[in-house]
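Listed below are the structures to be examined.
The two complexes that follow have chain A in common; it is paired with chain B in the first and with chain C in the second.
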Partner chain A sequence: MKHVDWRWVLTGSALALAVSAPFLLSGYPYWLHVAIVAYFYAILASSWSLLAGHAGQFSFAHMAFMAIGAYGSGLMGKYWGTSPLTGIVLSTVLAGLVGLIIGVLCLRLKGAYLALFTIAFSEVLRLTLNAELDITGGPNGLDLPPLLATTSRVPYYYLMLTLLLVSLGFMYWLAGSRFGLFFRSIREDEEAAAAMGVHIVRYKVLAFVITAMIAGLAGGVEAHYIGLITPNILILGQMSIVIAMAVIGGIESLLGAAIGAILIQFSLELLRELGNWRLVAFGLLLMLTLRFARNGLIYPLIERLVLYQARRAVIEGREQKAKQAGEGA
Partner chain B sequence: MELDVRDVHLHFGGIRALNGVSFTVRGPELIGLIGPNGAGKTTLTNVISGVYKPSKGAVYLNGERISGLPPYHIARRGIGRTFQVTRAFRRMTVLENMLVPAMALHPAGRRQEFVERAHEILRFLTMDHLALEYARSLSGGQQKLLELGRLLMLDPDVIILDEPFAGVHPKLRETIWEFITTVHQQGKAFIIISHDMETIFTLSQRLLVLNFGQLIADGPPEQVKEDPAVIEAYLGKEDE
Partner chain C sequence: MVDINLSFLLRLIADGLLIGFIYALMAMGLTLIFSVLRVVSFAHGEHYMIGGYAAYYLLEAFTGLHPLLAILLAGTVTFTIGAIFERIFLRPLAEEKVERPGEYAILVTFGLGFFLQYLTLALIGPHPKKTARYFDLPAFELGPITATAATLKLGTIPLSATRLTAAVIAVLLMFVMLYVIHRTWLGRGLRAVSQDKQAAAVVGINPLRMSTLAFGMGTMLAGMSGAALVPAFAWVPAVGAPAAVKSYVIIVLGGMGSIPGAMLGGLIIGVVEALGTGLLPDPNRAFAYRDAYGMLIFALVLLLRPRGLFGRQE
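Showing the complex of A and B:
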């Protein structure tokens, strides 16, 4: 009997659902908007999980890199007249450069010190953006022209979905390559990794650069989609939401973090009537996850599915061997 | 292969952890390094492997100065070491642990070849069946073996083991002993730190004795055993 591979069935259905969502939601433009924002958070949460969950760099600067992508593109457009596309590309590179600097500055910082340093960096950036009224628009924010010449949300939806899938694909490739192997060895034990020949400086900084660029890219696209970016995106609460999404999804799983982000973004919208109570519920969920499900809530499901298949393969292989042995005897 | 430790000093504030240590390892010697607690054995390992830079003196490998180079560089040059407290990559599988040094050493190498080599080494250490387990699920002894296996994937010329026999069951001691002698016969030099006198006197061809950051003896075990300075400073103390 041929066994159904549930992984492919689930991946296929999820993709089909994602691709057909604009048609299913054609009467509900608001929900399409929610989906776009959810994908945006999914990119942030999964790239943060690559940095924190894989490379072990528990950074609070991820939203700052996102904001560099957004403000960078907006300001380049305002002062240099660059097109949104050029602005997004350049500010993605800029986010990578700042990621490089932060990565180098954080080389000797671990745990709480790294967290405090990156919080301070975000705050400095937020306060600067707030203060420079003439340049950045201060607390009122900066207006950005649309990226696409359309009033429809559908093209943006597919753009953000593509961005999510491509960045996930890239990050999975990275995590499965020697880069991912070195990232995790650094997370586990820097000194031991170095003793095993891993160039820890290079790979730590690289983790910062890559994830900063992904966050910057997502920020640029999102800001041009919304048409406005304000310094409020840099408050600690926003960063905490991204972290919470990744933690609830499964901090060591890129896909878990992405799915966690999407589910949480939709739940937060569905529960809008509850006002701030939904954030309370969300906080409680985070606490419960941390206490009782250290691997998150989504990741164990994914893992079970994958392991289930792997175990089946092992069992089938064993049975086959036994059969062959039986025939040989 | 020649490892030359030349007049190495290292001070931590007021503590003189190493105070002018010199010795040379020529070819695949099997060296034991002993000394009371706090003598500076681990510190010496850390200086040779690049964790610390000596405050004075230097370490040379095949005539080239290696002190001052970062640890990963020294590891790739051919000096492998374990830590006094086991440091496996706990939330990675045994196989992944083994792959790290191989891929760090040969970035362009084929993963499949490394996987095969890893299985070979794991079979030698009788832990091939654990290849896909997380290192954290291994027993303390198995983690020690994993560290030794992982070290072989780095294919170093000099292997420094910081207390490989501490806290291990006699049966595992046999396995580690066998590992050392086999790998030594393949042409690798060993520096083995141990407080297990019986083992280290039998195993090693040459003994270094460190006391208060100074080398007080260097020679064949039989000779070192008789050395009055060693008896007074080291063995005598143990009898108290």
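Showing the complex of A and C:
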């Protein structure tokens, strides 16, 4: 008897739901907007989980790279007259370059020192964006022209969804390749990895560059969609939300982090009347997840499903073999 | 370039020095936590914030409560929060039952900070609170030194009474802490655990209890710093973050685990901030960048000398 592979059923229905969402939500443009923002956070949370969960680099500068993507594109458009598309491409490269510099500077720093250094970088960037009123617009933010010549949200929705799926696909390929193995070896034991011949410097820096570029790209697209970027996006509270999403989803799982981000963004919107209390609950959930479910809440479910399917496959294989053996005799 | 107002600069330096003592006290709490638990608490600013609110509400609720008593009680409040948190969330670290402990410690203390910050925001709201001055200065005149209830003037340099009080309280508390750490059995236990956990356990010190005490005492120092400064600032739930960043800068400057280093670091950061603000020609911009100077020194020290100016080689 052929069993259903639930992995494909679930992935397929999730994809079908995501693709048909604009039609299902056609009467509720606000919820379509929530979905776009949720995908944006999903990109940030999953790329942060590649950097922190896989490569073990607990950077608090992820929102800073995102802001470099957003401000970079906005400022290039304002002063050089570049189109939003060119601006996004150039500022993604810029975010990668800054990621390269931060990665190189952080080579000697570990654990809490790395966290503190990246907080300092992010804060200095925020203070600068706030202080240089004439260039960046200061606390009022910077206006950005729309990326797409449309007032509808639907194209943006598909754009952000594509961006999420492509970046997830890319990161999964990366995590499954030698790169991913090297990232995790650095996380587990840097000295041992170096002794085994892993080029620590190269892979640590590479992890920063790649995740910075993904964050920068997402930031550029999001800023051109919203039409405004303010330095407030860089406050530590925002970074904490991304971290909480990744941790609750499962810090070592890219998909877990992305699903965690989408679920949390939607529940934050659904519970809007609760005001700050939802963030209180959220902070408590973050601490409890860390303490009692270190792998997050979503990741173990994915794991269980994958294991279940694998076990199924083994049992089926055995049954097949027994049958053949029976026929042979 | 020459028209920098010297007395303005001196005034900023004096202000910076006074606040520097409070940051040094906070940093001492961080140092205490780090040396015993090997954890950098990312919730330190929130304990400082809660200490301030605790003092504010105690003084509101009990008119006539002595400010020093309010500061002590505020310290007790944050001690309790810190000790309970340690008992629930950091105990597995002390028992060495956690995989990748460094990562866990960063995230879980960060989560505590996030939780406390939004809890205060939800309970109290974003509107600033401010208490009256704790102590009035006696009015006198002694050559160039004059004093009124609110300010002490050294020549042309005014020192605000609230900041002066806070600095004096901070210095007193630092001496009390140094006494406790170096001259009492409790301090000896803490130092023993910070040097060698197993050896300490062998001679009958309970390292788990010392961890709880160290974390509680560290958060208590942060809370008392906040309580001492509440009359000087408009208190909002986000008030902790800049103060916490400064105490991180101080421990990095002074080296993690070095108490004299923490004191000196506090003074350096106060002066550098004052100079940075005073020397930039455009005053608005200078003010906006005030918090950035400390961070820049911090980044430089981390990069050039990761174990701090006074840190020991590990």
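Just so we're on the same page, the second predicted complex is superposed on the first by the 317 of 329 C-alpha atoms of A that agree within 3 Å, B and C clash if a C-alpha of one lies under 4 Å from a C-alpha of the other, contacts with A are read in each partner's own complex, and residues count from 1 in each chain.
Keep in mind that, in the parts below, a contact is a pair of C-beta atoms (placed from the backbone, for glycine too) under 8 Å apart; a residue touches a chain by one contact, two chains touch by 3 or more.
Please read these numbers as outputs of a predicted model, since none were measured by experiment.
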Dominant toucher of chain A (residue count), chain B or chain C: C
Touching partner for A:A313 - first (chain B), second (chain C), both, neither: neither
Which of chain B and chain C A:V280 touches, first, second, both or neither: second
Partner chain in contact with A:L181 - chain B first, chain C second, else both or neither: first
Which superposed partner A:V9 touches (first chain B, second chain C, both, neither): neither
Partner chain(s) touched by A:L270 [first = chain B, second = chain C, both, neither]: neither
Touched partner set for A:L17, first chain B, second chain C, both or neither: neither
Contact residues of chain A, present in both the chain B and the chain C interface: 187
Chain C residues touching chain A - in the complex, by the definition given at the top: 39-40, 42, 88-89, 92, 99-100, 102-108, 110-119, 121-122, 241, 245, 248, 252, 285, 288-289, 291-292, 295-296, 298-299, 302-303, 306
Touching residues on chain A, where the partner in the complex is chain C: 52, 56, 58, 105, 108-113, 115-117, 119-121, 123-124, 127-128, 130-132, 187, 236-237, 240, 243-244, 247, 275-277, 279-280, 282-284, 286-287, 290-291, 294
Chain A partner contacts - residues on chain B that touch it in the complex: 49, 51, 70-72, 75-76, 80-81, 83, 87-92, 96, 99-101, 103-105, 107, 111, 150, 154
Residue ranges of chain A touching chain B (in the complex, touch as defined): 178, 181-182, 184-185, 187-189, 191-201, 252
